[in-house]
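The same subunit A turns up in both complexes below, where it pairs with subunit B and then with subunit C.
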Partner chain A sequence: MDRVKTFKSILWALTGLAIAFGITRMFFGLGSVSNLSDATPWGIWKGLNVIPGIALAGGGFVMTAVIYIMRREEYKRYSKITVLLAFLGYITAATALVVELGLPWMVWKPIIYWQHHSALFEVSWCVMLYLTVLFLEFIPVPMEETERLAKLRIFLNKYKIVLVFLGIMISTLHQSSLGTLFLITPEKLHPLWYSSLLPILFFISAVAVGPLMLVLAVMTMSYLYRKPLEKDKMANLAFGFMLVLALYGLIRFIDIISAGKLPLAFDGSWQAWIFWIEILLLLVIPVALLSFKKMRYSTPVLWITSISAVLGVGLDRANIAGIMLIRTGPVYIPTFYEISISFGILSAAILVFLFCVERFKIWEVKWEDPLEKPEAPPEFGGPADVWLGTPRIAGRTVYSLVFVLALALGFAMISSERIQSAGVEKVPASKARGGDTLFVDGNLDGYGTMFAHEDHIQRFGDKKSCDLCHHMNIPLDKHSGCYECHRNMYTTADAFRHDWHASPAGAKINCDKCHQPGVQRTASSAKTCDKCHNDLVAQNAVIKFEENEALSYTDAMHGLCVSCHKQKARVLEGKEDLDRCPTCHKVRDLESIPSEIKMQFIDTTFNHVVIPFPDLVNRVKIEAEQDG
Partner chain B sequence: MKAILTDVTKCIGCQQCVLACKDYNKLDKDMPRDWHRNDGLSARNWTSIIHKPDEHYIRKQCRHCIEPACVSACPVAALSKSPEGPVTYDPGRCIGCRYCMIACPYGIPRYEWDNPVPYIQKCNMCYSRIKEGKQPACTEACPTEATIFGDRDELLAEAHRRIKNDPDLYIGKVFGEFEIGGTQVLYISDIDLGFLSYPVRKDTPVLPETTAPAMSAVPPAFFGMGAVMGGLYWFCKRKERIKREKEENKE
Partner chain C sequence: METLLDFARGPLFRLTFIIMILGLLRVLILDIYGAVEAYRRAGDKRLDWKNAIIKTLRWIFPFKSAFAQRPFYSALSILFHIGLILTPLFLLAHIQLWEDGIGISWWSLPHFWADFLTILTIIAGLGLITGRLASRGARALSRKQDYFWLFILLIPFITGYICANTAISPSAYQAFMLIHILAGELIFVLIPFSKIAHCVLMPISQFIITLAWKFPARVDDKIAETLKKKGMPV
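For the complex of A and B:
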């Protein structure tokens, strides 16, 4: 395998995975694949793709300014690459937004509904406008392939300077408005990052890192396609924009020191450590290495500095967009699906980039001296004159295979439990404890209900009354506890063990015994348990047995108790409050729970929330109305 | 300007307000989800009771800020401040960007993470009832008058009166009177209610005002950049021309 094929196969695989997870997200909601939460509404997609992606696409407007406005003709060779990089950077951000936005098909709405106080309104307009500008700037390149559109191409090229001006003006707004976004969070963003200068800092760092991103891209391409690198030009570019980076560092430190925040950087917290890592990557390494003229022109130094600056600015954006926002909830760790989608979008963009490089005349560098050629004699071909390797298995065969396999793997990897549970925590229901008085506390959080079991037995006529409530019992057990079938606290559970009934080692029952012959075999068309197990199913139960699915523990308890309580509330005198929640949920009566039942970990500081059950309240109301 | 005053010392934690809210706004049943914060609020619970030590119950709900950060953050004006005071939400405009959740200093807006067509959910002070001249469902349901509805000025006066009458019981401050521009849901309490918002410093500005200077700098920045670039373009072209002329003269 050669470099290009290996690299592209990995990218295709990542793209395939991401598409599988992306489809899942579209059908089952954001919660099905991500760990985003009410405490962390913006996650890795915003913090890794959208906001850093746009910073790294800053090269588009900076380099066009250098080439067309400052008229540095020697960089003209890189104008197409840099525009393509910016275009794809914005496409990456837009694609990530499609996944990330709750209602991506409504993304055009800022065009109609104006709200000019919002920084995000400005951002969305800038994205739309600049994408258009970048499209017009780039489209003449693929147009060169056909002669039909020559007139349009010439027209676009003629007025390119207008597009360049527009691009610069829109980008200025856009890069800075991303900083404005976080001005509204003074009480959430860590003080080392929060500053009223955020818009300016965002703009300057984007100006600095855009061209360094170009250096990184050109170096990667020259490695992949074994083409010569104009090292002196790259070094000069890197040096020039390293100075801008130094200016950024200067402003940032002056801002931090003048606000008296510097001690925070030395308090040893993890935030301080990340701050120094960011400064090391973004400032110290590029500035230190590029300052020396001798080191500037060596390939490893260019690699290190460009990667370091790109990572540094990326980390800065990620910090501001998420990592350093104070949380008051569960810690956010992105899921594997989220990370895959993030990298998949990047991979797809890189694939498009490489496709354009291979297919179009974007990067016209040739070896002047044939002796300088790398190890294997490269085969140059195609309109772009790049080395595509010696094909043993055709590239497209490998790529399609890898892509389809990754897509299938992605679908196979999606956890059905995660989708079915829809974010509901699986809490196994546990046994009620106690003797004559039971402490009903299915999720063991210490906030249960005292249930006078013996008292209820007495009231309903002794032992004969058991099957009023114990409506279904497991074999060889007379009065099974509720938790035996209502196994989950909040989700339904299957009360019927199909495997065991059908298996030769178990009940060895013929299908026809439960499923009628000729009718499709489903759970709903099958016989219910009481058709065979008439001794286990209570005849005079309050709750009639209708299907094999056991409700959640909370629903079961409420359904059984409340249905009876509301009847009695109407009949009994002086018991009108019997169907009100506090009758059973006496949160204040915690002290009265016998100490042998009370759990050791009862924590009164826990924010206890009795989850209301409006469906029940509604039912009560409807029935009350019917009764008149 | 309508408001709600909640007296923490009077709340018995019976959750009638929570039920009334769910009932009136037709909110679905809820279960503990992975994405909930532990304050009981969620896309299906617009108000909740937080239980704090020593029999303290604090009702949490949208604070209906006088200068709401969420309204200033929303790019499509889906959230808006109505003339009567409640901050209301128009799902027809929402694009699902969740910037309001980032902007809110009280962490109130919640999202339907399990819904493929998700919307923001938050208390709207029963705006439709207020327009009918009624009070919100929650204050109507409260059996102890711990949470009451009325005009903001009157409720503020009432709150100060209660504090003055019993200075030993209450903390001498109406929560929501001044913080971050003031809110329309006010609290008086015998414990500190700082936990209801993100840490607010004394110098925390009114949030919409933090982005206002940057937003008003947009047109000057846009045209200023254009002018600077235009100047630079002219200068570089001139330099080029002079250089070329010099070379021609030499020849």
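For the complex of A and C:
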């Protein structure tokens, strides 16, 4: 297979996967595909697509400045491709942002509701304006295909310089504002990255690496389509912006040294290692290789330096936007779905890029698929020995098949458990522990309430009162514990267990034991449980048995206790506070909890957040003291 | 067995069902795209639209043309199509699975009619196999996949009927259910890549046949050249 065909097939497959996961994310929420949480709200979508994406798309404003303001006519050939690259880069970032926002339909809000104190307000306005500018800069290219819009095209081209100026202004504002965002994190961001010069560093690195991204794109294009590469121009461009990169390195090191932070880079921590990897990729390799005139003009060096700088700036942005921030939750590891969406958005953008390169006059001529010879005779001899038609027809046959298969595979890979729990982990509820006084703590995280079980029995009339709360018994049992049916902490469970009843490994009951013959086999037409289990439901219970779906443990506990407490609060003298939260949720001294219960405390993750137990108790104690 | 059932009902179902839906959409779009391209290239742009529409309608409602020859076989075929489409779409058990999964539901067949249509489909399918085998002409025209399709399409109906109506032991029930699901999923995967794709291509096939007789503009010289008869009457 040809290079373009292989490359495009892979891109279509990645796009298909990402669309399947993206649809899942839009319909079932962030929890259905991602590991993002309140503790780690910025994940790989921000760290790979949005923030590095904006930096790498900076080539658009830099190159237009070089071509139209510095009047370097020799680069004019690259004006269209650089605008297209920037436009797609910003589209990629915007798409990733929409996927990543919790309420993506609110994305228009900064247009109407102004928050002058927010750096993100400025960034969002600039990105929206710059997208418009890039759109107006690029749209004359597809317009060349039709003569109908010639007047508009000529008009746009005539006033291009206005757009170029606007682009430079807006980019300067928001490239630096992205750095400004992190100025509020002096305590959170690692000192090797934190600097009051962050806005300036962000701007200079974007200026330096944007054109290197263009070099990388042009080289990839010439490799894929087997076109000659203007190596000397690329090398000159890379050399010019290598000098900017060196300036960036100088400022950064002066800043680090003058602040006395340099020893941190040699303390052997993993952060120090990553710092040196970043410096190697972003500064050492490009600056060292491009400085020598002999090496500058060789293709491998251009490949290595452009890739290295692009990776370096990506790593730098990812470090600042997430990796080097102090962790407040457990380690965030992106799910396969998240990574797929990230790469899928990139793939889709590259496909649009290739489409534009092939069908529009991005260069002097259209770069059609090199194999595109409409009148070439059929060629047999592929793996299936089938001629699929001319290359263009064969292409769309293969790409659409790859896309459909990948999309279906994506939907097959979605975890139904993640979807049904909407990101809430399935935490089994465990038994309340203790004797006369029970410690109710279903998820064993140390938060819990002491329930005076014996006291309640005494109050409501001895053994006869059991049925009031124990509204259902599992077969052959009396007064079953709550956790037996309300099995999950935060999600509902099936109390009836149909599959178990019908399973050969379970009760092994034939269908017709419960379902009558000649009638549709549904839940409503089946026999009720009490036809077989005569002691299942307690007669005088507060909770009436209505359906087989057992509420979550927390809902069940609150539903039962609070409803009764509310009732009693109205009736009893001096017990008006009975239905308030602190009645049960008291802060107790650790010592007062019996040791046999305390032994069973374990640290556990609650919705991805580690709650270290001793800290927690101290914090709650301090808060309680403050509240009096 | 239960893990296998869960796998067949969950990921495998999603995979095969989406391959079917998107695969059918794909062949439909590709065919229309190709037809439009062919029309653009065509030298003679006149198209017999009226005739194509009438032919299409006649094939969708084949009350006249189908009964001209082998009326019994045609009637069986129509009944088979009705049962094949209506039963799986409007069976209550299937709709409940959709409701449990993603919360959508629609009108369902009453139990009697569901059973009736299932048995009708099975009988019609067996009749079609017999009809194919009995007639010498049909036998000569048949490919392997023509028999295979009749056979594989009947499996979910037979196993589905057994599962829905008989009082068999849970282990036998699970075995039949697994066959039912897996056979259905095999059908899903094969539909867009086989002759069953006519379920979406049918409405446009007459237009494509009409277009197929159009040659690209000024192609006659090239044909003559290829046949080494340039300048001679072809």
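The rule is short, and it goes like this: the second predicted complex is superposed on the first by the 403 of 628 C-alpha atoms of A that agree within 3 Å, B and C clash if a C-alpha of one lies under 4 Å from a C-alpha of the other, contacts with A are read in each partner's own complex, and residues count from 1 in each chain.
Just so we're on the same page, contacts are C-beta pairs under 8 Å (C-beta built on N, C-alpha and C of every residue); 3 or more make two chains touch, one makes a residue touch a chain.
Note that the structure is a prediction, hence the values are computed from the model and not measured.
Asker: For A:414, using the defined touch cut-off, is the partner it touches subunit B, subunit C, both, or neither? Pick first, second, both or neither.
Answerer: In the superposed model, A:414 contacts subunit C only, not subunit B.
Asker: Figure out whether A:504 sits in contact with subunit B (first) or subunit C (second), or with both, or with neither.
Answerer: It touches subunit C, and subunit B stays clear.
Asker: Tell me the contact category for A:496 with respect to subunit B and subunit C: first, second, both or neither.
Answerer: neither
Asker: Where does A:460 make contact in the superposed view: on subunit B (first), on subunit C (second), on both, or on neither?
Answerer: neither
Asker: Touching A:401, do we find subunit B (first), subunit C (second), both, or neither?
Answerer: The second partner, subunit C, only.
Asker: With the two complexes superposed on chain A, say which partner A:451 touches: subunit B (first), subunit C (second), both, or neither.
Answerer: Touch partners of A:451: none, neither subunit B nor subunit C.
Asker: Counting residues of subunit A touched by each partner, does subunit B or subunit C come out ahead?
Answerer: Between subunit B and subunit C, the winner on subunit A residue contacts is B.
Asker: After the superposition on A, what does A:517 contact: first (subunit B), second (subunit C), both or neither?
Answerer: In the superposed model, A:517 contacts subunit C only, not subunit B.
Asker: Once bound in the complex, which stretches of subunit A touch subunit C?
Answerer: That would be residues 393, 396-397, 400-401, 404-405, 407-409, 411-414, 416, 499, 502-505, 508-512, 517-522 of subunit A.
Asker: Taking the touch rule as given, give the residues of subunit B at its contact with subunit A in the complex, in rising order.
Answerer: Subunit B residues touching subunit A: 12-15, 18-19, 22-23, 27-42, 45, 48-53, 55, 69, 72-78, 93-99, 101-103, 105, 107, 110-119, 197-201, 204-205, 207-208, 210-212, 214-215, 217-218, 221-223, 225-226, 229-230, 232-233, 236-237, 240.
Asker: Spell out the residues on subunit A that touch subunit B in their complex, using ranges where they run on.
Answerer: These residues of subunit A touch subunit B: 26-32, 35-39, 41-42, 65, 69-71, 101-104, 106-107, 109-110, 113-124, 161, 165, 168-170, 172-173, 176-177, 179-181, 183-188, 196, 199, 325-326, 328-330, 422-425, 427, 490-491, 552, 581-582, 587-588, 604-615, 617-618.
Asker: If you look only at subunit C, which of its residues touch subunit A in the complex?
Answerer: That would be residues 1-2, 10-12, 14-16, 18-19, 22-23, 26, 29-30, 33-34, 92-93, 96, 111, 114, 164-165, 167-171, 173-174 of subunit C.
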